[in-house]
Amino acid sequence: MNKINVGVLGCGFWGRNHARVLSELGSCNLIAVADINTKKARAIGEKYNVKWYTDASKLIENKNIELISICTPTITHAKLSLEAIKAGKHILVEKPMTNTVKEAEEVIRSANRQNVKVMVGFIERFNPAVRKAIEIIKNGEIGNIVIASSRRVSRWPERIGDVGVIKDLAIHDIDLICHLFGDDVKQVYAVAGSLAHRFEDYANIILRFRNGRSAFIEANWLTPRKIRRLTLTGTEGILQVEYITQEVTVENQKMAYSPFFKKEEPLKLELEYFINAILNDETPKPSGEDGLKALKICEAALKSAKTHNPENL
Amino acid sequence: MNKINVGVLGCGFWGRNHARVLSELGSCNLIAVADINTKKARAIGEKYNVKWYTDASKLIENKNIELISICTPTITHAKLSLEAIKAGKHILVEKPMTNTVKEAEEVIRSANRQNVKVMVGFIERFNPAVRKAIEIIKNGEIGNIVIASSRRVSRWPERIGDVGVIKDLAIHDIDLICHLFGDDVKQVYAVAGSLAHRFEDYANIILRFRNGRSAFIEANWLTPRKIRRLTLTGTEGILQVEYITQEVTVENQKMAYSPFFKKEEPLKLELEYFINAILNDETPKPSGEDGLKALKICEAALKSAKTHNPENL
Amino acid sequence: MNKINVGVLGCGFWGRNHARVLSELGSCNLIAVADINTKKARAIGEKYNVKWYTDASKLIENKNIELISICTPTITHAKLSLEAIKAGKHILVEKPMTNTVKEAEEVIRSANRQNVKVMVGFIERFNPAVRKAIEIIKNGEIGNIVIASSRRVSRWPERIGDVGVIKDLAIHDIDLICHLFGDDVKQVYAVAGSLAHRFEDYANIILRFRNGRSAFIEANWLTPRKIRRLTLTGTEGILQVEYITQEVTVENQKMAYSPFFKKEEPLKLELEYFINAILNDETPKPSGEDGLKALKICEAALKSAKTHNPENL
Amino acid sequence: MNKINVGVLGCGFWGRNHARVLSELGSCNLIAVADINTKKARAIGEKYNVKWYTDASKLIENKNIELISICTPTITHAKLSLEAIKAGKHILVEKPMTNTVKEAEEVIRSANRQNVKVMVGFIERFNPAVRKAIEIIKNGEIGNIVIASSRRVSRWPERIGDVGVIKDLAIHDIDLICHLFGDDVKQVYAVAGSLAHRFEDYANIILRFRNGRSAFIEANWLTPRKIRRLTLTGTEGILQVEYITQEVTVENQKMAYSPFFKKEEPLKLELEYFINAILNDETPKPSGEDGLKALKICEAALKSAKTHNPENL
């Protein structure tokens, strides 16, 4: 079987995870890693017995590499994505896709021109609990969804430096709810503030969708215990997803139940999927357009929080 | 000891509860009940061996009665309150205090003129779990509260006929959060809709307070299992109140804990408190002004949900 | 409709509950109550507007009474039961049926001679959660039951004076598991001890049944939070009953689920059932024989705990 | 720093885990692995870039190796341990230490003669939740422990071939409770049976300790969802350990609380500890004697289950 050669940019928390998973997948070869921090780059390079660079451009220039996973800080995403695309590489870019809507648009245009594949790391779409939830919803077990409500909270993470909770945490739920609803947001209203971080560290966001549904998203870095929970209220029941423990609970008129299913590492499923999309020349999802859409909603939320007015999209 | 003579208007679900509790309190005598439905009025009257009327005015005219508990449908609250006040009775009026802000203002003015006491049945203030939560907050155990988030959901109750979930359910959390924050709301934004009821049966509301705090309230009649939960996020920890089971959980950096305390019926504590306030000639809280404040916020939420614009107060 | 006239002996915690429920049932008339404590007897008598005695014999002699509910301390059960039976009354006797096996045998013989009905207050059989569990088991949802395991623990209750945890708490599970298994115990092994009470205040009991099943029962008065839980392990799944919250959870290979069903007061269902059995001249269950069987197992457990040998029945 | 050279016998589920952890520890070098299954041995050998053998004796003969981790099936433990000890290696042997008491005694004698260190893989002793529990108990937070009760249940694992649930699962709790109580068992009574496995697949065991405490252990392979739970009832409160999620809950008269602490892989802590004991020439615990003690209790339980009599130790 053909194997895709992959390089990873960034050897921080997520870069290390990407490297580990890529080194274990049967459908790809981890070829190289890069980080501006020599110690980090070397540690990962030696651990997986692959090339390591302290200069991202060197990795991008490596002719053997077909796919680059971009796990660097957000503000570098656009520049590195464009450089990688120009070099003809497919890219998996961690969320948020870029720091601004404008940058995301440029990346998409460039990828289209170069005919390379772009996927955005909205990893929750690959969470087995989310997949099970989608299956249950399609079976009509909770009727029509009316409201989505999510809670994604934890304590001040130090690894986050260049974005706030909206682009770091809430963006997961924004993307996922758009995906679940199969619909576009028409209005965003948000409250946000910063208690102990440079960027906003708590946010409450309401999304109104075109078809009348709405969503409420609560995200913060103030909460001692990590919670990642999505609650969908439907006309016939409610469904709750615990992202971390990968549990789904459904409550209808007759009972509450939690189906048992195989727990798997979402990152593994995500990377496997993208590599297969490349091997089969298919268009991967979540696409650059999905990344852009989520970013637009994040920017609208940030603006609404500032102006105290809803933002229409 | 002096005992207060009490009458109950309305023998529906809440009226029956009021009658039962009043019949058992040592500080009052249940004197009479009334309901336009003869069967209901007679059943309760006979059960507690008290007078029963099918005409509210007859109960109000009863010279022996000093306090009237108004448990009739919302649209009748203003009329009956005014009549009772005019007859010189103290009144406990179930929430929402009246159907409109205008009516509430009239009741307050009238009570002030007649010098009778008015209390609004925001029963959650008397929930032992809420009292314990307030004690914990005052001890500084979760630092400064930043966000309050509440979820009050259950399945289509049939006894609600003349108001939607905002005035029926969300109003509890609106009053309680105002009370906890000791602050006033300056902006309200809401999404609401009606799936199976005459009035709105789901609502998501964001409140901005003057001092910068915010609250999110989710209320609906769509959810199979009854949930009544308040989550307060503070700078040092979070606190969660389960109203139904009367449990408080605190999570700080070191641990999660649930103090044990005596569970008691909130209605009993509420009625006992009001009767004592009358006996000691003290001003009871939640007052008519509290009832009015909550109603203003409800009306702003209803307007915001309709116009898709935030309402400033 | 014919109504049964009922008297209650004992106005302690359970006697008051019996009186309250009997006063509300449509199929009986509460006629009288008795307690050696004048204050207690009078309080209940006046509350329900019925005769009250401080001498049990007077109540038993009351010609109007057809059914007597015996809620006095255990050591008085045999004497009062025999007296009531002699007077031709049907009896509901709280668990344990009597203090000793010998006494229970005498009560049964006497009731048979006098042709009156005897029921023992194994209230858990009337718990809606138990009834739902039996329905689920009959549907084969957990296959064949292999092991029953119960945990009935709480903190030193002061109202218990004349028996230990085996006859006070464990007896509920002993009766219920015999009933669920439809089988007899052939061997009992127990560990028990007394830390702070006159009688044993903790006990761990293993029961071997004739057909090969086994049960483990843990009971104590040492545990801060009250737990009343039964876990049944079957060949195809497990089923858990929470007696207090009346919840049933089933786990099979595919899912965990909790059916929703109506919560009701077990005591109400129990008394209603017995009164109907009298009205329809049917044999009530749990019978005196069930009470005797449970008592034999309790005595075997007490003996095993003392001798450190298993007891064969 | 000196590093210990380690070899792993057995490349099944646990052998792979040992290899992975040893390859990541800073205080040792993974040198070689062995498995009679060529494919398994090669896969692990290549993954960690170490020697691999299909003949255990070859690994044992390897002069560079100082410590051997024995992760093969139980029936081979004694033979391989003796061979490794004879070759002068320290050994970590997975539980149960050997298949029989007699074998364990022989291994201990041999290790004493050869002056090598033996540790038994009672991994739960290294579970951070157990360590936290011990700290809490030492602080007196639940008073004196009276009863230990454990539940270790899951679904038919296929990797277990040569022992039943008593030696495979219950042995963990047997060792841990002996350790926590700091006491010896004087009597064992057990019920066990086999529904779908060659060896017993469910067991309920009661242990009486010399100082009067007792323990109840429930273990089976019949239960869909994996539970690993220990409940300690003390005179002042109860403490519950969830082994899998590494959570500790304490309930006393005032509150229920769960301290937060760092979750770590018990295997990593275990291996790190043993390697340090070798480096510092200290006697590791759980020792061979601990392994033997647990095995004696297991054998007593198996005998009791067969004879229906308690076994005295």
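Letters A, B, C and D mark the chains in the order given here, with residues in each chain numbered from 1 onward.
In the analysis below, a contact is a pair of C-beta atoms (placed from the backbone, for glycine too) under 8 Å apart; a residue touches a chain by one contact, two chains touch by 3 or more.
None of the values given here were measured: they were computed from a predicted structure.
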| item | value |
| --- | --- |
| Angular offset of chain B relative to chain C [C-alpha, multiple of 5 degrees] | 180 |
| Classification of the chain A:chain B interface as same or different, half of numbers criterion | same |
| Centroid comparison with chain D (C-alpha atoms), farthest chain | B |
| Intercentroid distance (Cα basis), chain D paired with chain A, Å | 40 |
| Intercentroid distance (Cα basis), chain D paired with chain C, Å | 43 |
| Multi-chain contact sites of chain B, meaning residues that touch two or more partners | 224-225, 253, 256, 260 |
| Interfacial residue positions of chain D with respect to chain B in the complex | 253-260 |
| Of chain A, residues touching chain B in the complex | 146-147, 149, 151, 153, 155, 187, 189, 191, 193, 195-196, 202, 204, 206, 208, 212, 214, 216, 218, 220, 222-225, 233-235, 237-238, 251-253, 256, 308-310 |
